[in-house]
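Both complexes shown next keep chain A, but they swap its partner, so chain B is in the first and chain C is in the second.
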Partner chain A sequence: MGYGNYSHAAHTALIADRAAKPGSEVFTQTATHPLMNPHGLKVRESRDNADHPNSLGIAFALDVTGSMGDIPQTLARRELPTFMKLLTDCGVADPQLMFMAIGDANSDQASLQVGQFESTAPLMDQWLTWSYLEGGGGGSGEESYELAFYVMAQHTDMDCWVKRKKRGYLFVTGDELPYPAVSRRQVEGLIGEKLDEDIPIEEVIAAAAETCHLFFLIPDAQRRRRCEPRWRELLGDHVICMDSPDDACAVAAGIVALTEKAVPDLDGLARVMSATGMEKQRVNGVLHALDGYAALLDPHAPRRAPPSAAGSAPRSSWWKRLFG
Partner chain B sequence: MLSLLALGCPQCSAPLPRAARWRTVNCSYCGATITRGQETVERESFRAALRRANADSGTGRTLQWRGARYRVLAPLGFGEHSEVLLAERLGALPERVTIKLAREPADGGSLLREGAVLQALQELSMPGAAYFTRRLPLPVGTGLAEGLADGGRQALVLRHPSGFWGSLHNVQHANPHGIDPRHAVWLWRRMLEVLAFVHDAGWTHRDLSPAHALVHPRDHGVLIVGWSRAQQASGPAHAAAAARDLMQSAWTIRAVLHGVAPGRDPDESPGFGARTPAPLAALLRQCSEDAGECRRLGARGIEQALSAASREAFGAPQFVHFDPAPRA
Partner chain C sequence: MTTTSATTTRYVSLLGLGFGDCGKGLFTDHLCGELQAHTVVRFNGGAQAGHNVVLPDGRHHTFSQFGAGSFHAGVGTVLASPVAVHPTALRVEAEALRQVGVGDAFSRLLVDARCRVTTPFHQAAGRLREWARGASAHGSCGVGVGETVRQALAEPELALRYGDLKSPARAFEKLEASRMSLRRGFAALDAASLHAEAAGELAMLEDASLSQRWLEAAAPCLRQSPPASADEIGNRLSRPGTVVFEGAQGVLLDEWRGFHPHTSWSTISTVAVEAVLREAGIEPAMRVQHLGVLRSYLTRHGAGPFPTHDAGLDKLLAEPHNAEAGWQGVFRRGHPDAVLLRYALAATGPLDGLVASHLDAVDAAPLRWCTGYRTAEGASLDALPFSNAPDLGHQQALTRLLQGAQPLYEPGRIATADEWIERVQAASGLQVRYGAFGPTRRAVVRCLHHRSRSPHHDRPTP
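Moving on, here comes the complex of A and B:
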């Protein structure tokens, strides 16, 4: 997959009339779409071709359980063109997008859905809106996010990695904890593949990280509180807490642009976002979300912290006189 | 994963294209059609990936904490009870942290206490908690750090506050003639917002010196650190401690307005700076010298008074870029 060219104008036109439509008219599936059913999944391919000689595979694994349905809707109604435009304006070449949908494999009917890598607006939109927004979830505080890492590790093949040793990207959106392991029973049931053992999530993440930059996007400050510490144990500063779920595309595009060095730093990213007409408050929200990750990419950041940056200067004599 | 596998034709052993792993292919040597058969995915390949991810030798100073290894990136300073380091967790997915190492064994208790305070603050569930808990230091945990030359030391590990330039103590010294009062307004406002939240929850900081306020150049962000003396209380004791916090915040703002010009007596209490408009100076004097007024107004009341004084002095609020060290 991945043939054709992206057109922002075409994408904007495609979604222009969706703002007023009910969600069920944007996402019409009432069960897993046959072409997104992972059973029998072999490999999803992101390939170079004449149109895209430097393909870059980018996957979104969207949590489609009850508490997270807003992000897929926002992407489909408004924000996916923003993502592509930001990448284009930053100079990221030949992105190819794949959408997955994640639920709870212990309770949902459609706990894993897998699209294809695509380069054109109609096809990107097709795979996104073919996702079945089941709105399930088991209520245990966990969702089957680990399956997304497993698919990336075991069932993708990207020319960006194979030919150029450049990792692709996986953005997982969510607000719950992952299960501790990929269940061999679930993988056999969902994909039809036999595992010799359950695989701890740490190992699945390590495997996926060899070919992909991995990120977990938490939609807002309220929802970070129940899941962030565990995710940071697993993904460190690749856990991104946003100010709003509406920022998911801008944050993801910013991550790609920074990692690919398409923009030099957060200030450069801010200029691009502002030039697209994004309001200042939202630009600042995106920058705030990306502060930690951007610092990780900056080899000089440690040297910028002045002595006593951790607030450890001795107290002034006047302070001691006033407050002891 | 996939790129690590070598595939050979079962008939003539010639190498096969990688796509043979998931497609039917024809061998380019003998022409046989090769169809993928059933196979079992072995956990061992994932386990090997984790071993590779953890194989970083960790050049430079490293330490171990709660099963993870950290590389020390830079010393950040020394606190009353601790050595403060910027470190990065080793592995495929790093995390930058601030590590406070107890200077002496007896200092470990102070770090444990500070960690407990920060955790309690993070667990607050009152209105606004989701927002304000992100504006407080985020603890990772406490425990023994090992691998140091002098044996294990108690450590408090915090998420590193990225983007913060330094403390207001640093700002004071980088601006010997004091900062622009318009910046001081925003810095104080940021502190007051957080103080209102923690005071509502019954907590007080009790050591709000310039060194305990980190500043972020973007939007005048302020992170209050150094919570080792914080306490939770109620009634008159809490009210008195809260008023003291507010007085300390006012003195901290006076300090950055005053600067540290060469030749100035370091024992001299800071004034208001030569450029501070009268309405703002009056409010600072009131809040730094009158505990009763601080108790009466509270953090929100002072913030409202600050907005009024700022409007009187500068007109409608507008964005002014903040450079903590304009002479650098």
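Moving on, here comes the complex of A and C:
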């Protein structure tokens, strides 16, 4: 007696396993994580607590189909801390982050995955990396983004709204069109609740907008043409076209900071970003993406000069290598 | 050798009468051959068991969860419900067995779906708890078996059962709930002050990705040995032939009869064996032959009282398979102790006989026969008070008593193995059925009580 070598070896292997994993295997799910499976979903809560008395619910609905999987990768490897640091540095008090993953409910196994609101980086990271990057998607030019609005409208409960009538945020990343309506059949299959009828996309967006600021982030200039007009019809100036998918976090943080008036304007945001050591070119890219939205908040602010053609090209070569 | 009836099942149990390391592996291996057993049942403990079997051809395996009869072709293992199963360690052990020529261990394994499961979180929590005890450490093996049992008792709804693993979603929820609960228990812990490695263990409890990775690592174990229903276990145990119950630990470490708190969360008794049979729908009355297992001298790993401990025996008595490195701590040797033997017999329940290992040590070292103690108060004592009802307060008092006890020895060393056997038989009222004079099954001799116990003519040449 007094042994245990096999169990030690078993556990050591488990720990070593993670350390030995290359960065490309940050996302290891091979199916929907049980805790992100929306079946039976009741309500995802963003609540005030002793450490976070002014909670602000922020949801990311990440398109995880083939063309968009790099945004979650970038978030997980590098950008999630940037997002949190930017919000903190701008003075946004108590953000609580929830990740959802969006695929194509007509062709994917894991077309909707829903995490929980969290206020600490490790737990945010946990839900993010629990997302299954199925990489599917249909050939129809549509993905099931409407489900993200449906979850937000129907299955979240945020103290920022309930207690303070302050809306939370939903950032949807994507490069395709939404389906025209939330399908009652899909909702029943995925979430397990019955709807009387399909809900038109306009209606579900209106419902979500009651408690949330809604944004659709398009990863880069090349992706705009296909989907931007339709999203403009649905979300107007809340469609944000980025220079690079790498900017998704900084752009989202900038939107929150500006909307919450944590920074007075784009110049204030630029100062904060520069102070974090962000490259000038990257700061400019973020400001460029936010220009239209900032003008909407403060119509009297001077518009920034349009960036050069070079500035609007995708900066990261890996993006081109993979999808160019 | 007699052949067993084709229509009945014979049950033999091997119950350690010391602190462990008494030779259960050797005798399980031997009896599986001698009695043509088809199944070895593990009925207590978990992955901390280390039962060494050395084959005459030199192959060696330290059996942890697979039955120590596995070197015999076709002998299966049943992990019965009180066992805390460690699925990922089973995989590692199966691989170790494969390397010594046993390639089909998993296909011979039945794991009761009701078995509690040991996870990395239990191991981490168990180690943190042991470190937190500081100087009053219990002598944990650092495997997490105790923590598995502790949590299953304290929070039964979180207890992961082997059958739960069939449903990964359900298993995952339990795993995470269990991790969270254990983590909360150590929220106020200052890891840095505890132990150099405590931060690493704490990190396991913090690791939100570990549950999923552990489930993935455990999945092949499930595929190769799916959870067995009570009926399957019952059928296996009623198969005609012989079933050997291989006890883990020794009764002096029993959770209720050992010397609290230096015990194992595991029951070592005839009652535990018979409970498994009853659970399988088999009425055990009169059918189980219970054998107590002794080493010719006492040994103990790690902390806990040990009145006859004698460091002078260390260099005389080799211990090839019990390393002192790692969690189990220092390996101590001591003289045979009639007081503890009588206590062990009372705790184990009625036995049909004894088996004894390391009888060659009688020649190798000057073993003395301890008949009693002088207590710290100066009184003489030749038996320990036995509490009929489980009472940890009583067991703790025994611990204190033993810690202050000075052993009283018969004059002179025990001269021969025969003399050792005579003394043990006199003290126990039981026959020594088999004796081992070396590490392999070839060194086991049958001790026939009706003739002069002089096994030397049977003794194998080295």
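Keep in mind that, in the parts below, the second predicted complex is superposed on the first by the 274 of 324 C-alpha atoms of A that agree within 3 Å, B and C clash if a C-alpha of one lies under 4 Å from a C-alpha of the other, contacts with A are read in each partner's own complex, and residues count from 1 in each chain.
As a convention for this text, contacts are C-beta pairs under 8 Å (C-beta built on N, C-alpha and C of every residue); 3 or more make two chains touch, one makes a residue touch a chain.
Since the structure is predicted, the reported quantities are computational estimates derived from the model, not experimental observations.
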Subject >> If touched residues of chain A are counted for chain B and for chain C, the larger one >> reply: B
Original post:
Thinking of the overlay built on chain A, is A:Trp161 touched by chain B (first), by chain C (second), by both, or by neither?
Top reply: first
**OP:** Figure out whether A:His11 sits in contact with chain B (first) or chain C (second), or with both, or with neither.
**Re:** second
Original post:
Counting only touches as set out at the top, which of chain B and chain C does A:His33 meet: first, second, both, neither?
Top reply: second
Original post:
A:Ser67 contacts which: chain B (first), chain C (second), both, neither?
Top reply: neither
Original post:
Regarding the shared-chain residue A:Thr129, is it in contact with chain B (first), chain C (second), both, or neither?
Top reply: second
Subject >> Set of chain A residues, in rising order, touched by both chain B and chain C >> reply: none
**OP:** Flag every residue of chain A that touches chain C in the complex, lowest number first.
**Re:** 1-11, 13-15, 17-18, 28-29, 33-35, 37, 122-123, 126, 129-130
Subject >> Footprint of chain A on chain B - complex, ascending >> reply: 1-3, 18, 21-23, 36, 38-43, 45-47, 49-50, 52-53, 73-80, 82, 84, 86, 88-89, 91-96, 98, 100, 122, 130-131, 133-134, 140, 159-160, 162-167, 169-170, 207, 209-214, 218-219, 225-226, 244, 248, 251, 255, 266-270
Original post:
Quick one: in the complex, what on chain C touches chain A?
Top reply: 16, 19-21, 45, 47-50, 62, 64-65, 86, 88-93, 96, 118, 120, 123, 141-144, 168-169, 172-173, 176, 204, 206-210, 212-214, 217, 248-250, 253, 264, 301-302, 322, 326-329, 331
Subject >> Residues of chain A touching chain B in the complex >> reply: 42-43, 153-154, 157, 161-162, 187, 193-199, 202-207, 209-211, 214, 220-222, 224-225, 229, 232, 234-238, 241, 284, 287-288, 291-292, 294-296, 301-319, 321-323
